[in-house]
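Some notes on the structure that comes next.
Labels run A, B, C and D following the written order; every chain starts at residue 1.
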Amino acid sequence: MSAAHGDHPKFLQHHFHSAEQQASASKLGMWLFLAQEVLFFGGIFVAYGVLRFLYPETFLAAHAYLDVKMGAINTVILITSSLTMALGVRAAQTNNQKQTVLMLALTILFACGFLVVKYFEYSHKIHVGLVTARSFSATGIAGSPHIFFSLYFAMTGLHGLHVLVGIIVLAWILMRARRGDFSSAYFTPVENAGLYWHLVDLIWIFLFPLLYLVK
Amino acid sequence: MATVTTANGHASEHHEVGSNYLNARKGVLSWLFTLDHKRIGVMYLAGTLFFFMIGGILALLVRTELLTPAGDLFQGDTYNRVFTLHGAIMVFIFIIPSVPAALGNFVLPLMLGTKDVAFPRINLLSFWIWMLGTAFLLYSIIAGSVDTGWTFYTPYSSDPQVGSQAGSAIIWALMGVFILGFSSILTGVNFITTVHKMRAPGMTWTKMPLFIWGIYATAVIQVLATPVLAITLLLLTIERTLGIGIFDPALGGDPVLFQHFFWFYSHPAVYIMILPGMAIISELVTVHSKKNIFGYKPIAYSSMAIAIISFLVWGHHMFTSGQSELASTVFSALTFAVAVPTAIKVFSWVATLYKGSISLNTPMLYCLSFLFLFTIGGLTGLFCSTLATDIHIHDTYFVVAHFHYVMMGGTVIAFLGGLHHWWPKMTGRWYNENWGRFAAALVFIGFNVTFFSQFVLGSQGMPRRYHTYHSASPDLKAIFTKWHQVSTVGSYILAAGLFITLFYLLHSLFRGKKVAEKNPWGAKSLEWLTETPPIEHNFHEEPVCLHGPYDYDEISPDGQGAGADEDDDSPLYLDKKTEAKKAEEPKAEEKKAEEKKAEEPKAEEKKAEEKKAEEKKAEEPKAEAKKAEAKKAEETKAEEKKAEAKAEAKSDDEADKDKK
Amino acid sequence: MSAHAHDSSEPHVLPLKIYFQVYGALLVLTGATVGVSLLDLGPNAIYIAMLVAVIKAGFVVGYFMHLRYDTRFLSLVFFGSLIFLVIFFAFTFIDLTSRDRIDQNQANFTLRKHQDIQEESTGSVTVGIKRFRSGANPPVLPKAPEVKKAPKPAAGTAAGTGAAAGTGAAAGTGAAAGTGAAAGTGTAAGTGADPGTGTGAGTSEPAGGGTAAGTGSVAGSASAAPGSGSAAPAAKAKAPAKKAPAKKAPAKKAH
Amino acid sequence: MSYMQTLLAGAAKRTFWMPETAATQAENVDGIFYFIYWLCVFFFVLIVGVMIYFVIKYRRRGAHDRTSDIEGNTRLEIAWSVIPSVLLLVMFMWGFRDWMSLNVAPEGAIDVRVTAQRWQWNYALPRHGCDGVDELRVPINEPVKLTMSSIDVLHSFYVPAFRVKKDALPNRYTVLWFNATKLGTFDVFCTEYCGTKHSTMYSKIKVVTRAEYDKWTKSGCGMDNLSPKELGPKIFKMRGCPACHSIKKGVKGTGPWLAGKYGTIETLADGSKVKIDDEYIRESIMNPNAKVVKGFGPVMPTFKGRITPKQMNALIDYIKSLK
């Protein structure tokens, strides 16, 4: 591990005065990015709120066709991955490279698990015809169910995409952790990846009740 | 003068004499993969100005079509496609990135006294994403070209059966704008972090130049508003392809809901456009009148206030759209709230001129022209926010004139003023002052003729986005034809003024006189401490900020303004021109050659764009302003009183102009 | 300020225990949300679910993302973005919930879906736009996965829901707690009418003299739709007094 | 207040800024417009005048002019924040008051249904049972309430002379009312972009005397005095036949095409044959599902009670004339 002594440590970019300035700058940058993500998903939550206000009976009728068991499993998976991610960041902060690598790998594993469960849910719905409006072909649900299911696919699809991006980012961080880039002096990339991952989990915490549970 | 002390032991790399950010590295790749905020700023400048020219040409086509009531220049949808492209290119490709990304990227780190922005790689990524977004939008032209207007209202944009037949072009355009939005977010994140974390030692928030405040407020809006545009465009794309039932009434959606989503971003976006313009004006007004800004805190805080309130007022675009009456009332009231900080700023700028020493060089002419045009733009906004009058003028040419006065009369004129102000620092070359003033005059007259006539068109009832107006009743058609012709002639004058600016600025790049001194305008912000053009790492030693940004030497407690000190008759701004020149060096040629090679022809017309920028910026000295006013006075009988008041001031200015 | 990398920037590390406590709390809360959704709480189920979600979010943001221990500006950034989200939600709902204050007709959210247009017997204007691909008749849905007690339709929870963390009061502002939801598309089964915004899928095409087939009727004073002659309620100058409509037979869910 | 308005708004005829005022509300709107206009002129002259005065008086005379050290003046700053705020409030209140009266249609206004269709406005007067009218006539000095909707994209109904404008939405009704005070014909524009012929989506409102209005409504809103040759295609279009039946040969819609069909033999769904003659057309219009042509669904709605015998004959002649 590169000793962080000396005047110009390896990871410090030239335009920063100190590692502390660089760390706080990148954390602020990450939080601004998260603020932007909150508003990005906020938009689709407002869409959900509006459509639910306009079509209460559709949402009542249609969400019965979502598989609550699968949703609950996914929630647990994501919360666990959030834990392993947080432990990974903590390990990086305490110079425990082996544990960092392990935790990151676990997080990626859980993320993939989440996507697999998602795959089963989607394939079932596509098979039965509960898909987006233009190709919606299921009958027998009151109101205009295509709205609920298109919204379901839009929201969970967007979230799934973010999980996928999360996996790619975490894999890159894992690779760098294995190379020994991180130490208690320089763990910002792991921390930022962690922040991003926790936000993805945060969004699912709201998605799950809104889509699967609420009566 | 700020005393420069070595802030810390950083060994500043050895720089051979005469090397600067332009010639420090060679070759196309050194430009395309640069991490230097100055080079990224120049590339943004080149790209955005090139598309300003494209958008401008499209505008000329639109104006030419409207010369005659019948639709003779374009048939069928072509006109709709041309005005949609004009809108989309001007809004998304040019005006949103132009000031923050081009001038902001170049000047912000210099003003803060740092070596670079917080995240140089993200800065470059932002430029690359801007190019990718532009490529998408341009490809949409080939794929059938969008004809929905830059607002993409549903169900016209979302339902192929009833709406636009532009097929996949809409998807390309939506994705293009989605990507451009992302570039805007990255710039915003970069600037906020830089301002927070990387100010020079000693530079507290109230010692920062007001330019930084303006760009900071813009960055806040960019970060918070653009994601909602992203989700809106994404939902619209899904609505058009897979169908959701949120915007498209055929599937159960509500078009007014789309307007809420769209304008939640687009109104803050118009503040993303004007706040950087205001930021530049705060600098120009002080530097060129050598006087401390009048009311630093009110201006700084009103920038932030505008940024926040801009999120509360979007409904005033939808007064006639079937929005509920309660919502319209709430939005109308809040829109008046946003007018107050804007008014404070304009009054403060005018008050800054009091007892100053105002030099009428080209940047200052653009600044004064901004005050003139933005005042009209701002005041006509009152008609649009008052409920009863907006019903009459909504979606007519009155609104077109209003937002052109604010966006073009405001942001673009300020952008050209800023470009001339920082041109010596950016390129190390002087532009021709007289050509600058002449082009400024042309732009000022052309602008007023073009758009003031559209106010009349609009209040007489001429709807917006009309390909032809021959179906109107005879007397209405006669009025429309007359004012459309006036407006089109004005647009030709405006275009002429802009092209002249383009030419003399390009000329200055090659054969402009070298700028000898570091601080040609005698300004006090930190970017004038480093060489002209700046070295690659901006400062040899990191500057320490010991005083406010506007503490000019000329300011003295008992100073009564210009002429108080009669002993020296050589005016400050003339000194520079007559100074001995530094040895000619082909730096500028080399840079241009590389750029020409570096960027593919479309993005690489750097010179073309700069010339276009200059020509747009060329502003007429006060005399012309008064002549334009006088000319307008004939049209608006109500202002005769003002014209006479100006007449006598015009005469001595006339003399002054002949003397030069 | 030649800052060594080490001294002032020692990362703030939480004890391991806290992580597992937070993890446990999150699991418990997840169980709670699922449990809450099973037992029937009627219209305010949404608020409870949102409350629990907000608490869970609080845990994740506070501990896992270290916001509790970081500089205050970062919390400002995060909660600031939420404020703008609430603004977006609130103003959109101001519009949505008050669209019929002046004139009843403006409220009818008549959805001009394909089958409704077909049923229009006396459309005065050519409306034949086909929206759905009719094609072969679609596969009939298997019965809902597990036959739960048919959710009590009760007063339609017209209260808008789910903004992201923090806005639990989903009713938005001035939301008319819409009552009964007009159900059924074209089968005109639903009778309850929602005075807030007509949510029925039926259309009430302003056909001359035509009877409105759809159900988007406005309870209380107005007739089914503006269609029938001048029966349209003449709105008084100020917002007409909106009576809470008597709940007729609960909206049957057409299966 | 009304004296001030007439002073400001000038006579009802066209002024430099505003078209002539032809409705009760128009004067109010003009009143506010000119109030804001004169306010703007005052502030504009003030700001630009002061600016030009400063530029002339404090023109840079020497390189080392002395400029005064002024950083701000709180009294002035407070003044120029409070005064504009008060003026803005006045503008808002006045605008809101008149706008509310623009929105609330008075009792007993004449009920007109407007349907916007890509590139034409259709009016219907339910009380007189006539629709498909393309040039609306309204009596003078009587409130008229338009309940508008669109059948495809957004449109916006704009009458400059009445100073009224409202969008026509495909999924909702929007309401607009006016009380015309001048006889004559007034332009109606579409001000919400709706595609290729957005700029020719034009219509007229003719303000007539009450007597003439009654005569017009009794004659089927201008339908009856049309010659059968003109009436046939109008009814065909008005009743929405083109939506399913094409008048071009070979174009199969929801219903069979009609060009050149008159007099030919058509096989029905149940295999039997029938000759297309007057009687068949009349029956298919009144009771469409009796004899459905093979290959088409029984989806045609009945037009019983919506087509008068005179219109039926004109329709049959029109179908006969289709080649």
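What we mean here is this: a contact is a pair of C-beta atoms (placed from the backbone, for glycine too) under 8 Å apart; a residue touches a chain by one contact, two chains touch by 3 or more.
Bear in mind the structure is a predicted one, so any value in this text is a computation, not a measurement.
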A-C against B-C, pair bridged by the larger set of C-beta contacts: A-C
Whole-Å gap separating chain A and chain C, where each centre is the average of the chain's CA atoms: 24
Centroid distance [mean C-alpha coordinates] between chain C and chain B, Å: 41
Distance from chain D to chain A - Cα centre to Cα centre, in angstrom: 49
CA centroid of chain C to CA centroid of chain D, Å: 33
Touching two or more other chains - residues of chain B: 8-9, 162, 196, 224, 228, 249-254, 256-257, 322, 325
Per-residue overlap in chain C, given as positions that touch at least 2 other chains: 1-2, 73, 80-81, 84, 88, 92, 96-97, 99, 102, 106, 109, 111-113, 129-130, 201
Set of chain A residues in contact with two or more other chains: 7, 17, 21, 24, 28, 32, 35-36, 39, 41-43, 46, 50, 54-55, 134-135, 144
Touching chain combinations (by label order): A-B, A-C, B-C, B-D, C-D
Touch list for chain A against partner chain B, complex: 7, 13-17, 21, 24-26, 28-29, 32-33, 35-37, 39-44, 46-47, 50-51, 54-55, 131-136, 144, 146-147, 150-151, 153-154, 158
For the chain C and chain D complex, residues of the former touching the latter: 99, 102-103, 105-106, 108-112, 118, 120-130, 206, 208-209, 226-227, 229-230, 232, 234-237
Complex interface listing, chain C residues touching chain A: 1-6, 8-11, 13-14, 16, 19-20, 22-23, 26-27, 30, 33-34, 36-37, 40-42, 45-46, 49-50, 52-53, 56-57, 60-61, 63-65, 70-71, 73-74, 77-78, 80-82, 84-85, 88-89, 92-93, 96-97, 109, 111, 113, 132-133, 137-142, 144-145, 148, 151, 153, 156-165, 170, 172, 175, 178, 181-185, 190, 197, 199, 201, 251, 253-255
Interface residues, chain C side, partner chain B - complex: 1-2, 73, 80-81, 84, 87-88, 91-92, 94-102, 106, 109, 111-114, 129-131, 174, 201
Interface residues, chain D side, partner chain C - complex: 100, 103-105, 107-109, 111, 113, 115, 117, 122, 124, 126-127, 129-132, 147, 149, 151-152, 170-175, 237-244, 254, 299, 301-302, 305-306
